[in-house]
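Two complexes come next, and they have one chain in common, chain A, joined by chain B in the first and chain C in the second.
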Partner chain A sequence: MNRADDTLAVEIWKGGTDGRLAAFEVPLRANQTVLDVVTWVQRHRDPALAYRFACRVGMCGSCAMTVNGKPRWTCRTHVAKVAVERHLTIEPLRNLPVIKDLACDMTVFFEKWQAARGRFEGRTTRHDEVVQLAPDTPARVAIDAGIECINCAVCYAACDVVAWKPDYLGPAALNRAWTLQNDTRDAGQEARLAAVAGDAGCHNCHSLQGCVAHCPKALNPTAAIAGLKRAVFRAALSGDL
Partner chain B sequence: MTHPHRNQPLWWAFALHRVSGLGLACFLPLHFLVLGSALNGDAALDGVLAWTESGPVKLAEMGLVFLLALHLLGGLRLLALEFLPWRDGQATLAALAGSVSLVFAFIFMFNVI
Partner chain C sequence: MWSSYLYVAQRLTAFVLAPLVLVHLALIVFAVQDGLSAAEILGRTRGSLGWGCFYGIFVVAAAIHAAIGMRSVAAEFLRWRGWGLEASATCFGLSLIVLGARAVAAVVL
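And now, the complex of A and B:
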């Protein structure tokens, strides 16, 4: 390859699902992130390049892409860590429809979040006392383990079961459901358990842990899903489901 | 443009569990067929049993023991994962199940030769 030492060979997905890779040469910089590379290409080579980001500090979950074949949060992924011989291939996330270039349609992902009833359902009003959740109770510890999700859909893209069975709710939504099942203030647990016990629910998970291997927040959706399976089993035994 | 993200031990554990399950499911009817041949008199069964003494069949039996042990131990790991509190190190456990199954297969081999 006849490339200057201070450049990076980058291939970026262009177009919709039937698109193709386009090649760019991008200057190498110290501490450069994959998102920096995409932004450089958009500013200097291809103003029409579509991609998403917002916070650039790993909080908003909007910048996930497939980098050299793996789903990653691009704003916190350093080029030095993932480039192979100064080469990067950047594609949209797997398992989601591509709108254009690196931007995926996240609608299904968030619809499944709702289908798993991944929202808090309170039972008190502002006139009631604030309920305490003691930090050392097992339920609170289980919530803590899963609460830091940023909705980036990296796990969803990594999950083979989502690819095989597109209806499957997926690791992120189920992980969220599990944190709420452990929340003693939540009033929607019965309906939520029924929602995650359905055909598209937790029992589809083969515990392959692709989600765990790729989650940038180092969460463990597999453990959350195993927790849901046990809860469903208990409820089915006692006739509550 | 699909990128399966599969190159990790637990994906292989899943694939082997599936394959061993299918392998055992295929073996079972053959097994009953052989046992059933006793209904046609002991000569028929003895004929098959003599055939199982040959080298390649012995080797296949070793494979069968391996598949059986793998499916059993892998299945126990999955049951524990689903019904007991979460435990980290699943990849190590899966590797352990694989190696113990190999040991079983070799013990079987040395016992039958």
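And now, the complex of A and C:
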């Protein structure tokens, strides 16, 4: 393709699941992010382009897309680091239904968080003392390792097991369940262990570590899932499952 | 929950198989030192309660382990679910037990 040195050739997914890639030429800028590129296309070339973002600073987990075949958070992904010969292909996340263009339906992703009981269940009231969690205990260290998840679904899109077995709960929901299983204040651990031991649960993970390779927060959901597997294993042997 | 117990069974049979496979591989290397012949193999195994138990346990553990593994492969790559999957995996495991037991009986009895 003949194009000026200061432009970027961008292909963006248009339509639903049966859509196709549309080509755009976008001005190349210093420190440009992939989200900047998508925004430029919407503002200058295709006002109907659908995509999702909110914070633009890597906190909200809204803007994940597939960039040159890999799931990424687009607001913190610099074009200079991912463009191949000034070319970008931007598609919606894998493993989720496409609503339109780059916007996926996240419903199933968040339903799986609930299915894994990924919510805190307290045992105290406002009248009780605030429970102290010592920062150096093994349980607190395990929580710290997984607590920074921003629900961006990059790990879910990267997971081959989800692609092969769509009912699998996936790395994000199980990572969240593991942080709660280590929370000494939580009262729902027995039910949560049963939830992650179900047929769609943690033992489906093959430790392929696509989630680890792509997590923008550098978390290790595979390690969290391994922790859940050990807990399920012990519970099954002791008849507590 | 059923597949969690299958996961546990597959891991437990892996614990059993790990040392058995190592002994089996070492035996293969040892057995061919003086040439591999039916007489040499049968001389070692025929009437041996120890080798009978060794390979009997090997067969049962391998059949359980492999059947659970094949069940996962079929579920993921063929999108197979339901009673057909469970029945096929069970038949596969039972077939391995029958074939393996027949082989063990042939060299021990």
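In this text, the second predicted complex is superposed on the first by the 241 of 241 C-alpha atoms of A that agree within 3 Å, B and C clash if a C-alpha of one lies under 4 Å from a C-alpha of the other, contacts with A are read in each partner's own complex, and residues count from 1 in each chain.
Rule of thumb we're sticking to: a residue touches a chain if its C-beta (ideal position, glycine included) is under 8 Å from a C-beta of that chain, and two chains touch if they have at least 3 such contacts.
What you see is a predicted model, and the numbers here were worked out from it, not measured in a lab.
Enquirer: Looking only at chain A, is it chain B or chain C that touches more of its residues?
Expert: When the residues of chain A touched by each partner are counted, B comes out ahead.
Enquirer: Just chain B (first), just chain C (second), both, or neither: which does A:191 touch?
Expert: neither
Enquirer: So, A:223: does it touch chain B (first), chain C (second), both, or neither?
Expert: Only chain B is touched by A:223; chain C is not.
Enquirer: On the A-aligned overlay, A:69 touches which partner chain: chain B = first, chain C = second, or both, or neither?
Expert: Touch partner of A:69: chain B, not chain C.
Enquirer: Applying the touch criterion given at the start, work out whether A:141 contacts chain B, chain C, both or neither, answering first, second, both or neither.
Expert: neither
Enquirer: Where does A:133 make contact in the superposed view: on chain B (first), on chain C (second), on both, or on neither?
Expert: neither
Enquirer: Which partner does A:233 reach: the first (chain B), the second (chain C), both, or neither?
Expert: both
Enquirer: With the two complexes superposed on chain A, say which partner A:55 touches: chain B (first), chain C (second), both, or neither.
Expert: In the superposition, A:55 touches no partner, neither chain B nor chain C.
Enquirer: Return the residues of chain A at which the contacts from chain B and from chain C coincide.
Expert: In chain A, residues 229, 233 are touched by chain B and also by chain C.
Enquirer: Within the complex, which stretch of chain A touches chain B?
Expert: Where chain A meets chain B, its residues are 13, 17, 19, 66, 69-71, 91, 94, 157-158, 160, 163, 206-210, 213-214, 220, 222-223, 226-227, 229-230, 233.
Enquirer: Any idea which chain B residues touch chain A in the complex?
Expert: It is residues 1-6, 8, 10-11, 14, 78, 81-83, 86, 90-91 of chain B that touch chain A.
Enquirer: Flag every residue of chain A that touches chain C in the complex, lowest number first.
Expert: Interface residues on chain A, with respect to chain C: 161, 164-165, 194, 197-199, 201, 203-204, 229, 232-233, 236-237, 241.
Enquirer: If we count contacts the way the header does, which residues on chain C are in touch with chain A in the complex?
Expert: 1-5, 7-8, 11, 72, 75-77
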